[in-house]
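Chain lettering (A, B, C, D, E and F) follows the sequence in which the chains are written, and residue indices restart at 1 in each chain.
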Amino acid sequence: MDERVLAHVMREVEAGTADMIQPRYTEIPTFMRRPHRPDMKGVEIGMIGVPFDLGVTNRPGARHGPREIRNQSSMMGWVHHQSGIMPFDLCEVADLGDVRIEHRYSLDEGIAEINAFYEQVVAARVTPLTAGGDHSITYPILKAVGAREPVGLVHIDAHCDTLGEYMGSKFHHGGPFRNAVEAGVLDPTRTVQIGIRGMSEPLWDFSYDSGMRVIHIEEFYDMGISRVIEEARRVVGDGPTYVSFDVDGLDPAYAPGTGTPEVGGLTTFEGQALVRGLCGLNLVGGDVVEVAPPFDPSGVTALVGATMMFEILCVLSEAVSARRTKAA
Amino acid sequence: MDERVLAHVMREVEAGTADMIQPRYTEIPTFMRRPHRPDMKGVEIGMIGVPFDLGVTNRPGARHGPREIRNQSSMMGWVHHQSGIMPFDLCEVADLGDVRIEHRYSLDEGIAEINAFYEQVVAARVTPLTAGGDHSITYPILKAVGAREPVGLVHIDAHCDTLGEYMGSKFHHGGPFRNAVEAGVLDPTRTVQIGIRGMSEPLWDFSYDSGMRVIHIEEFYDMGISRVIEEARRVVGDGPTYVSFDVDGLDPAYAPGTGTPEVGGLTTFEGQALVRGLCGLNLVGGDVVEVAPPFDPSGVTALVGATMMFEILCVLSEAVSARRTKAA
Amino acid sequence: MDERVLAHVMREVEAGTADMIQPRYTEIPTFMRRPHRPDMKGVEIGMIGVPFDLGVTNRPGARHGPREIRNQSSMMGWVHHQSGIMPFDLCEVADLGDVRIEHRYSLDEGIAEINAFYEQVVAARVTPLTAGGDHSITYPILKAVGAREPVGLVHIDAHCDTLGEYMGSKFHHGGPFRNAVEAGVLDPTRTVQIGIRGMSEPLWDFSYDSGMRVIHIEEFYDMGISRVIEEARRVVGDGPTYVSFDVDGLDPAYAPGTGTPEVGGLTTFEGQALVRGLCGLNLVGGDVVEVAPPFDPSGVTALVGATMMFEILCVLSEAVSARRTKAA
Amino acid sequence: MDERVLAHVMREVEAGTADMIQPRYTEIPTFMRRPHRPDMKGVEIGMIGVPFDLGVTNRPGARHGPREIRNQSSMMGWVHHQSGIMPFDLCEVADLGDVRIEHRYSLDEGIAEINAFYEQVVAARVTPLTAGGDHSITYPILKAVGAREPVGLVHIDAHCDTLGEYMGSKFHHGGPFRNAVEAGVLDPTRTVQIGIRGMSEPLWDFSYDSGMRVIHIEEFYDMGISRVIEEARRVVGDGPTYVSFDVDGLDPAYAPGTGTPEVGGLTTFEGQALVRGLCGLNLVGGDVVEVAPPFDPSGVTALVGATMMFEILCVLSEAVSARRTKAA
Amino acid sequence: MDERVLAHVMREVEAGTADMIQPRYTEIPTFMRRPHRPDMKGVEIGMIGVPFDLGVTNRPGARHGPREIRNQSSMMGWVHHQSGIMPFDLCEVADLGDVRIEHRYSLDEGIAEINAFYEQVVAARVTPLTAGGDHSITYPILKAVGAREPVGLVHIDAHCDTLGEYMGSKFHHGGPFRNAVEAGVLDPTRTVQIGIRGMSEPLWDFSYDSGMRVIHIEEFYDMGISRVIEEARRVVGDGPTYVSFDVDGLDPAYAPGTGTPEVGGLTTFEGQALVRGLCGLNLVGGDVVEVAPPFDPSGVTALVGATMMFEILCVLSEAVSARRTKAA
Amino acid sequence: MDERVLAHVMREVEAGTADMIQPRYTEIPTFMRRPHRPDMKGVEIGMIGVPFDLGVTNRPGARHGPREIRNQSSMMGWVHHQSGIMPFDLCEVADLGDVRIEHRYSLDEGIAEINAFYEQVVAARVTPLTAGGDHSITYPILKAVGAREPVGLVHIDAHCDTLGEYMGSKFHHGGPFRNAVEAGVLDPTRTVQIGIRGMSEPLWDFSYDSGMRVIHIEEFYDMGISRVIEEARRVVGDGPTYVSFDVDGLDPAYAPGTGTPEVGGLTTFEGQALVRGLCGLNLVGGDVVEVAPPFDPSGVTALVGATMMFEILCVLSEAVSARRTKAA
């Protein structure tokens, strides 16, 4: 085994946190078998579950996402096979548990409570990596993460999610990024949306009007992945940037377990390549949303969700570590 | 074929409503292949879908119930094999479609809109037979059905559903019958709850305090089904009575596709016998709730839901027909 | 191990037919891991697959029944735990393979070809035990088995299956027993139908008119299983008798994987008890039909089918052995 | 929202046909939530279900296709995200219901009845867009559509489906295009078959001998999708052309719920691109066949079927609209 | 809410262990949402997972049992609805995590490691309640629990599991109780085996020879449940007694997700009644085994496993509490 | 039909081995419906099942692989559609049945028994084509196949499988190729591993140190498939070469039913192209491993396994035939 890896494993064994050498089907599943640290102390990157799906317009079930992603995340390892990044070595990474919500029947109040939790996370100087939940949760997260300075966004999805009020609320899962722009926490000119397609196109005027860069799936295949990555990096630039990965950006062959599947989407390899391409950016948080286990008979979608979290974790840990170094 | 049945079939063929002689897998599925009559004109018993599950405390999915119950309800026939009741011959029965709800993200507002719809149904002198949706929908139905006079209730369920406010709302699926009593539309002393068991027992004080007759599953098996029916009939008496059938009253072996399964429940044969035992009562409406298709890989729960609707329809059509005769 | 069992096993080991001591998930699955003997030589009881479902009126899929029943039948053993019958010790039992059918798209011609095969089976003095396929296959089997003398019938099912022509053919799965009576190979006065219920009741006039004894599921529970068995034995008497077990006679909780499920049916324990109660009758063949694997996500229905075949095999082997002894 | 879209929505709201603004899981599902118009009056494009699978040589189940495609088709929208086509704005589009078939057990008679229905459709000057059913249904459709003039064909499939008689019939799902050529309603020299692969290659001599252009999956990837589209357009030319999309042309990862899956097939993105590439041709009808819900545990195949119908509808409505304009 | 319950909840809220008032789909799942206490300090009843299935003779998968039982066990509550027992109030109950096994590929060594763990549990004076894993794990548990004094046993199962060596080992899941008797830790004359049936009958000589009381499923139904409970209590008497619940004792309709299903078994209601009937016995531990999630598409079997653990926990906590009182 | 194919079919019909013209869902499934020849006489290529999964480190179930692959392999045909190879015409191909293993609970002894079987296969001059089973089985196969001369290897997989001892054994499924090199039966410098990715990267030092050519999935897409094939052919050269295809080399969208899925993998088309690219090499055996049916709800993974066996069979039969010709 690679010496650097071995050294890390040994440190974990000594610290009693080396659950990862146990077989993957054993023990109580935390995210990627990291320690459970609801007190956040000493944590640099906090993995958080938001079991909330009151924002869906079609099939609910994403509230079960965090549990199944945790379950499948036992398959994750210590080192990224392509980049060689060892996130648990670069940063203190823990599972902060789930956001607790008091008002379980109200979309609007739930959104407020999620925001309150993330304000604590930000206050504790923890960089959040979230497993949803439906996409409505990204707005209250961004509201906390972008409070000091509007963030840029790399957004992988079939839908732009910039609709306004619909059926009595503006906090549903089709609108978080409009809400975030209107709240002044997301910079639309530093926002790129990739993989867009399908039946809701007439709803996304706000994306175009506010200056977001929308890359439809057809343009994605025309440009090729390298140029898409270049373009994404150009759009977000050096500023603080958030990554939001909706699994329905992938084709339903790859991620059937989701609420609003749209055929004709990305492969997982392409999704992974996109995330890897963000390495070196000034990343300040990320999420994987819309894994809906009741529609996922083989469990593959939850595995995809866990893997995408790991991909984001690798580039995020690199960024956190870089900022720590720079600050030092 | 039985002459009476044959005559009925012929009448339907002439009227062009005899979809039921087509194979069961064909055509667009309405409830029991009855005509779609959103205008309610001339309808005596209206079958209604309420695709609403914002009241669930655990697994959502009952919003998909009406579609799958409609789908499986093509298996239903013209005549009840045991009682000989022919509901479509006794009454004008139609599918009224689904309740339309404008505020899709708000439990409280949704409840109000459901109520508004059922007030129209009652105003049109249509007796409603509903496919849920979660159990929260029964409160706004009862509020319409019991507006003139509080109704009695035969309630088959694993849970009493008489909890008060919880996590910020009192309209969730654990409380419709308390809400109905408090609104003066349900008479607790004419209410019987059958099949109760499981983990939520400490939450049902209101049932006992208000005078409802609670028959736990253990008492059900001790008494035997005939005496349970007698007791139920004694409790509700001659007054107007509603039937509410939560499929989680059945054992999850019989109805796995539901949000809050409790093992150790009724068989479908017992459930059918209970409903048949209500024949001759002054029934004014009924519902089958908590069919959650995403948790029903074999589709059997939706078939159970459709069959229980048919069982209720038979005793309900007998009651509607008897009232018509009496009124004439 | 029981000495009698041990002796049998040893004989099989020596004969090279002791596949049954291998783990159940290994090897190519024949019915109950018996030798494959398409030539029928020396076979007393032949297990036969009829992968045919052109007779279904609703959900097809029973054509896949023989394969999955064979697969699950590896779970079967050497000795019946309650009766102590050892069928493979009493008789020469083999898997004859599947009926080959040339005209795969024609219900009527398929029925004729199945009949031709069973005439060969009867000519070879093999007693058939069949895995369907849909229930339409029982008519051509009975036509062969009852050719010399009309047989009596113990029929477990949700449906009487005595409808006449429907949608252009009389050979569909809703009519085999009427066809058999009309062909003079089934004696309706020696026929008992058990477990009947559900939506097709108006279609079964022929059963009543021809003198069949119909025991609806309600009467079944009123009488109790012992009296039902007595009644069945009284009806069929001493004459040659066939057993036909449609898995939809069971409740769909026990047998979801079938084409026309009807809720409110028998348990498997009751189904087993019924078959065991036929011990000592003059049985001349049997079948298990309507296992439809595409609707059986857990595989339990195929296991139920295999177990019911084993139950029938036990009472059948006893009968075959008794006739052999008597003839000797 | 785009003004043109908004105007259209407003017109539908006024006309009372705007079911499409309701949530997708509500109401009785017609194809794409269009009005149900069995009388065909004023309909330009009629969406039709043919719940028929007597032509399958392996796994049946496509008879359940129309229901599930209708169910999933609620996910479809008003406007094509890439082409901007608004099919319901261009043409009067309705759901004509299912073809009714009297002889349900006979492949040959069923084929004749399907043809009789489509002759009515053609006589009513309705352009048909069909959801199968197995591929055998395309022959009786073509016989009606190509009656006045043989049509050209763009055929996406794993199989050429040009076999002759097999197991007693020539009307099975492996032969519709040979039947159509022999009936003089399909011009083989204006026929292109795309995605061909797999185990049945030796059966397709007729394709080669009659002059069809066969593009195997290997040639598809060698040429690239643009050149394949060019070639398809060159082959069919300006004449009336039909589009037949068998979902087994897609890889089973994308469309597992089908009767004869062949690995190594198209992605849905490629399938969509092929259909879009037909824009501007003189299209006179289309179908999507071989969606078999019993083999589709996640429901994705039915969604793919609905989406491909929408893709065909877009290019078809463009053609119908163009012909109307030209005629005017 | 019942005052006693309320008081308990308040104490838990104050102690910060009241996860149970959160919605059931949230947070990292421990057994019944109890605290995770791998150090065992202060624990009276320890719930333990043994993710081990090297002992199966047919379908593996029970290694995934502890995770899924934990997942479903979130559905459990504070109070038993029938007995009123509040186990978490009576005793200090915690989740000890999973047994860690070093030799993951060796049945024999795994058994030894499991035993070593339970010796620590016993040494810590913790009463174990285990979720398997296959039935092979009960031998090493009994070896620890019965070390000071042989225990009696109430064993619910389809199989006696008293076979000796088979295919090279005696530690497989068909033999734990023979191993335990031979090791002197189980008293066969104080052992009752309930629900026995099926294909393996010839393998259970040891049960009869050693004096175990075997109640086949037929005798179970003949006696009725009350007399079975009496008989079980008579057999085990006052001595220390262990409860082992193999979910294949239930009918596969109730517990399809298991390795060796046998049709014709107990209902969950009967299984629950059996366990409740043990109240007041001198119980020293228990287990629920053979939940195999890969064969449990609806998740019901894991829910049954969790519920049976809760049933055992109730009678076990009563016994532990009684012994504490007595010792005091 | 192609004359060469027709001639072959006729020969088979005469020889009574033409099961392949029967419908695919009929009869007892052998591999590709070839004759069952456990005596190996006259067999040139023997298809063998190894129902063994004691070597898995995560999800077991591959022991059920051979049955389901046999089942799905009925879909295979006589001729390869692209290469035109007719394997059953080129060589005598049969199903040898499953390897029988006496010590079913011991990984190490099982491995020895598998090896003993393959030594008989090699001694009988039969070229083996194996369906696993987990990947641990490839070591004992190679030990037999490479006994006279170390073989080269084309290995398609997500994992290098060159780990040493882990959790008490070195024979688990993560190490067969290291074992083979250490046993002197595999030449690491003539080994190419394709598709490698994911979480276990730190475990594969042995691959690099021993000189294997590792092509990660990223390099695969960078090179393109033609150059990968060239490189693979260069590495293995003219010497005897074995092909090992682990279905987890494919993306889980294409092969969900496997024990250690890794997202971001090959498509089936790419997998097929790789195997076809080996035509003309000196191939001496092959296997397809890690199909785990319990995790494969749609059955597609078993179909993929069967198809990959057919692809390997084509290039293998070509090699066997070429050696026979050369030897003659």
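The rule we apply is simple: contacts are C-beta pairs under 8 Å (C-beta built on N, C-alpha and C of every residue); 3 or more make two chains touch, one makes a residue touch a chain.
Nothing here was measured: the structure is a model prediction, and the numbers come from that model.
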{"item": "Shortest chain-hopping distance from chain B out to chain D", "value": "1"}
{"item": "Any chain in contact with chain D as well as chain E", "value": "A, B, C, F"}
{"item": "Neighbouring chains common to chain B and chain F, by label", "value": "A, C, D, E"}
{"item": "Of D-F and A-E, whichever chain pair has more C-beta contact pairs", "value": "D-F"}
{"item": "Degree value of the rotation bringing chain A onto chain F, based on Cα positions, nearest 5", "value": "120"}
{"item": "Copies chain D and chain C - interface residue numbers shared by over half, same or different", "value": "same"}
{"item": "Geometric centre distance via CA averages, chain E-chain B, whole Å", "value": "38"}
{"item": "In chain B, residues with contacts to at least two other chains", "value": "23, 25, 57, 59, 63-64, 104, 167, 251, 253, 295, 297-298"}
{"item": "All pairs of touching chains, each written as two labels joined by a dash", "value": "A-B, A-D, A-E, A-F, B-C, B-D, B-E, C-D, C-E, C-F, D-F, E-F"}
{"item": "Footprint of chain E on chain C - complex, ascending", "value": "1-2, 5-6, 23-25, 75-82, 251, 253-254, 267-269, 272, 297-300, 303-304, 307"}
{"item": "Chain B to chain E touching residues, read off their complex", "value": "57-59, 167, 196-203, 205, 216-218, 221, 251-253, 256-257, 260-261, 263-265, 295-298"}
{"item": "Contacting residues of chain F [partner chain C, same complex]", "value": "22-23, 25-30, 36, 49, 51, 63-64, 66-67, 70-71, 95, 97-98, 100, 104, 297"}
{"item": "Chain C-facing residues of chain D, complex", "value": "53-55, 57, 59-61, 63-64, 101-109, 167-169, 171-172, 294-295, 297"}
